[in-house]
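Next up, some structures in structure tokens.
Two complexes come next, and they have one chain in common, chain A, joined by chain B in the first and chain C in the second.
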Partner chain A sequence: MILKGFKVTLIVILVGLMSVGLAYGEQKTPWKIGVAVSLTGVFGKDGNLVKDAYTLWQETVNSQGGINGAPVELIFYDDKSDPATTAKLTEQLITNDKVDLLLGGFGSSQLFAASPVAEKYRYPLISGGASSNKLFERGFKYYFSTLGKATEEVRGCVDIFSAVSPKPKTAAIIGADILFTSLACDGYKKYCKENGIEVIHFELFPMALQDYNSLLMKVKNKKPDLLLVGSHLLVAMKTMKALKEVDFSPKGVAFSYGPTVPKFVEDLKGDANYVIAASEWTPNMPYSGKVFGTASDFNKLYLKRFNRRPDYVEAAAAGGAVAQQQVLQELGLKPPLKKEDRVKIMEALHRDKFETFYGKIQFGADGANEAHPPVAVQIQSEKLENVFPLEYAEAKILYPFKPWKER
Partner chain B sequence: MNYRIDRIILILFLMFTGAVAFVPYLVQSEYQLRVVTVVVLWVGIAGCWNMMSGYTGYIDFGPVVYFGIGSYVVAIAMTKYSVPFFPSLFLSGCISAFVAFLVGIPTLRLRGAYFAIATFAFAEAMKQITLEFDRTFNVSFFQGSDGITLPISNYENSFFFYCILPVTFLVVFTHYFIEHSKFGYALKAIKEAESAAEISGVNTTANKLVAYVMSAFFLGLFGAIEAYWITYITPSDVFNVQKTVQMVIMTLLGGMGTFLGPVVGATFLTLISETLGAQFVEYYLIMIGAIIIVAILIMPSGIIGGLKIRKKLRFI
Partner chain C sequence: MDTVLAQAIINGLLLGGVYAAYSAGFSLIFGVMGVVNLAHGELIMLGAFTSYWLFAYFNLDPYLSAPVAMGLLFLFGYVVQKYIINRVIGQPHIMSYILTFGLHLMVANIAIKMWTQDFRSITTSYSGANAAIWGLNIPYARLVTFIVALFVTWGLWFFLMRTETGRAIRATAQDKEVARLMGVDIRNIYAITFGLGAAITGLSGSVMSPFVIISPEMGLEYTIIAFCVVVLGGMGYMPGALVGGLVLGVAQSLAATYLNAGVSVAITFIILFVMLIIRPRGLLGKGSVA
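What follows is the complex of A and B.
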């Protein structure tokens, strides 16, 4: 009898130990997710923002018990802002590191190089840092972007001026002659036409341009009401410094990218006021979803973790990671993934709609996010305020741009 | 004695190249094959720079221009005129060589820093031309900063490996030809004392031009293959001065004006970058910089250059 009791106890202990072991073993098999991103080179600064966003997503997900019980492990590689290296690293992540999934880095050229590799191996690739229209014209099934198309991103920056009085009549469009910024300039042109604003100057300049003063003097002499700039952070900063130096104060100044990066206001301080910038997300937007809660919660979490506000590209990157996570949860998948699992994930990404802190995400057949309205923000008292769409605006647009001499 | 060692090295090199051809059957993953392909590609690209600058001492800061021209020729031929890949590839090499011929006639008369500045300026000018051409003339040809998407092939990495390997082999063997011909002596004489070579009856401009055009032909081929491999090109990417810097560093590290210098330099730098890049994502560029500085301090003539001087080997 004692022996029988002992046997039962032993079996119970063994089964208990085994289940603990199994559970432990399960926990030890993480989701390996690879990211080839620019941490150095021209896009190094922007790429590091994307890295921060994914890192925060990983930490948050793991603190919530992982995805379907398995923790997330991220593998980052630096592509040095070189597309050929991005392609090589993407293949390295897939075939050498045998990652379960990928997440996209920053920059259209980089994603152009990475996406055929992902397509070849049938790995879904969601990017939050590339939006060039041509990325969506290749017939790929596995490429997705949480950002809208580059030309559409700047719509808010032009549409906002239909709400001011007196309405501006002319605009000068300038931008760096690289893919994303030149597309932004095309977008400006399109929306100016729609809003009845005449474009009196259109110029694309080399990314490496040093002398912005001559360029802006030329534009100043044409006296446009608006200055619309296709920019990255560096271009936006240089343009602002030159605007002040040549004392050029058009009624409205807008940038496609740059002012939403916290460094813009940190460096320019009061000079950054009145500037309008394209965005896809701000913390006050009425969005909420699983993982991060509301847009405002995401903002708070970011402030706590990195001591700064997130840029919309970071929100878009984290939003993509959340969408992919929701698909994994919906399909009840566990690592390591098989080929056919990734096909199912791709199909679900095309099929599903995702409610997240970043807003609604719905990928079209071409992989672009069709459910995201463009946003315009303005720097007021050294703070980013959402001014468009008008129904979500947290502040009224300050117009016209205050002349430099009166500041 | 030295000739025998030279011959042994040549045979070993031929055997090594033969062995490399079997790499696609030996590697365990597509990534490993891609790394080997990248190494072979850079051996060839660095070799092109060495062919001109290593032997003549003329520092060319614009070789990337021929790489870029090759990329654009293949892209335009394939997308606009539906020319298949291999004829487009050949066309890329020919057009690059032709442009080099036209550019070489005036620029190769310049010496020292003036030549370096002229070649650098030409590369930057080509980048601007491809960026602005369409807008200026209101056409759709180079497609400016939008770039060109090439037809996406179903070819595996092994296809590109077997495209690149023969070209690299030809580049390295051109070095062999240079080392063992009157042409090579003429190039070396230009490096040592150009005026003296001229007085001795060497047609310095013609010899430099041949080396320059040959180098451009091969760079055009490499540019074309990489463009088809990556499937998308923009002026900023294919005319990126960083590519020039990389070929210069690889050659200097291996040994300028040596047969095996670019082979060793490109292999060493690519593999060390791969290894450290995977382990130390944040710091690997600093580490590579330190390694290059130390290597150049210890071996100012490069790895092979130092060996060549120490062992008095002629053909390496």
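What follows is the complex of A and C.
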């Protein structure tokens, strides 16, 4: 009898709890935002960084009361670094999960596959982890990127050398033969020409190359002042190992991507010093905006939440999410969104200028961020220091690269 | 001889030594059991990670952790053969391809779960150190790997020719039915052989760790090169891995120096293709064709 009474009470409590839950759910329809991103496979490492950035944005926004009173709910799907899967999952997010909005994942090939789906269903798609020029040459209206174009990203890496004396006269450009890194090499070539630096060697190599020593020995024999590498993390690390083994110390060494990832310095230690890398953002930049406050505030928050400093790709991803949020606030929209709302959002993204912790964001007609200056960083005493543009520089560039035998 | 050519040949020989060091185990396993081990690269990865973690946590030099890597990989290889691969011995070849390909995926993905996808590197006080003799550059770590390759080839030869277990392995390779009649425990011999192959491969991963980038997904590219090296030298012919490695290394280095890096990668597959057509028993004609 007592047991029966207990059961009844339990049922009453459970039903009560459920109805409260339902009522709560009805009151606050969340913003459903879908992300198809690589969490495993070749880009798994980078994709997880983007996921962390969006997660931090979601937590911050929800702690500030959501967007126009509604909380943000993120749905992540793993595309396993396969572009065809990215496209499929993006469609699934739109048609099955009926998300209100999307955010972009990582990698040019992934976004290249996802963006036509977004364009077809008229969903704005902002990414902070893809910058290949081809993404912006298709006349799309719904694709946006907070990063600059790949060829322009490396400008800081070349322009910085106009600030040293004696000015370098020659450069060798090498890079992996994939879309992003080969575009970086094209960028190097363009800015070398603008700066009056003669390119005496240009070579693209396949990702499968195991023997970097022979390649770099050949470049060493041509005695260039600068070595400019179109890279991502793995290529950058392999190049550093080989540079030291063949005892090649050009006056300046720069990479398009890699050295800003903390693991680069952690494992290469002192060997990483003097290396220059392209970047789009560093925590000391004098930027600020709503949601995250200043660039430095964002850095601190990130450090607290994930126990590491954010890379510029993470800042760029969070910056894109903030821009989209500001449009929702400006238009006073509430979930669930209608088709015509998303058209308005797209128009506003093209029209508005956004002040954020990531810097000014202004999307051009092709969707690329036009307001962003290219940044160059240098590893000095095993720490990343912002060395370009000169007006924001934390430290003066160390030049020339200290020869291996003198270290 | 001009310095550029001499340097290219030295680079090639040192590269070939690296290839030979990590391909010998592949050749041994194929020669004795007829198993093309598609999880070969994962053995290199595990050897390299053994050295990485011992370096990261105990600051143990990679050359000192090499015996540990050998021991662990021997155990790993022994268990894998005894409980998994032994089940498909004697079945059609496709079974061992499928099984070892499955192993490759499994080991690599478990490693990703455990150690994340980070790229890692060991930087010791002598990392990248190199000698300059008559204007020619010789990185010490690669020279050591070259010597290890010579030692492994000699050691395997000695073991197979001069020891009781070695004789049993050779007997099994030649005719397993007769070996069985002579009282050889075939399954145990197979497990020892795979363990041995894994151990020398783990050793190579360990001695390569100071100059390669280590990650859970590094294995596959090594498996591909090992396959080419072994086809070139003769499948299952022990000194063949050394010959194949050196020839491939020099060919790649010359191509990278005088043509370009893209050709140096392509040349690997051109050589593989041509060899399989005109000389499937290897350069020295001593390999076995399954």
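In this text, the second predicted complex is superposed on the first by the 379 of 407 C-alpha atoms of A that agree within 3 Å, B and C clash if a C-alpha of one lies under 4 Å from a C-alpha of the other, contacts with A are read in each partner's own complex, and residues count from 1 in each chain.
Following the convention adopted for this analysis, a residue touches a chain if its C-beta (ideal position, glycine included) is under 8 Å from a C-beta of that chain, and two chains touch if they have at least 3 such contacts.
Bear in mind that the values here come from a model prediction, so they are computed numbers and not experimental data.
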Partner chain(s) touched by A:233 [first = chain B, second = chain C, both, neither]: second
Which of chain B and chain C A:210 touches, first, second, both or neither: second
Contacts of A:382 with chain B and chain C, given as first, second, both or neither: neither
Touching partner for A:247 - first (chain B), second (chain C), both, neither: second
Touched partner set for A:40, first chain B, second chain C, both or neither: both
Which of chain B and chain C A:177 touches, first, second, both or neither: both
Chain B versus chain C as contact partner of A:96, first or second or both or neither: first
Which of chain B and chain C A:194 touches, first, second, both or neither: neither
Partner chain(s) touched by A:330 [first = chain B, second = chain C, both, neither]: neither
Shared chain A surface residues [contacts with chain B and with chain C]: 40, 177, 204, 206
Chain C - residues contacting chain A, complex: 4, 7-8, 11-12, 14-15, 112, 116-123, 127-128, 130, 132, 137, 139, 141-142, 211-213, 215, 217, 221, 225, 249, 252-253, 256-257, 260-262, 264-265
Contact set on chain A toward chain B in their complex: 39-40, 76-78, 80, 82-84, 87-88, 91-92, 94-96, 109, 112-113, 116, 119, 132, 134, 137-138, 177-179, 181-183, 204, 206-207
Residues of chain A touching chain C in the complex: 40, 42, 44-45, 177, 203-206, 208-211, 213-215, 217-218, 221, 233-234, 237-238, 241, 244-247, 263, 267-271, 404
Of all residues in chain B, those that touch chain A in their complex: 29-32, 34-35, 38, 128, 131-132, 135, 144-147, 149, 152, 157, 226, 229-232, 234, 236-237, 240, 242, 277-278, 281-282, 284-285
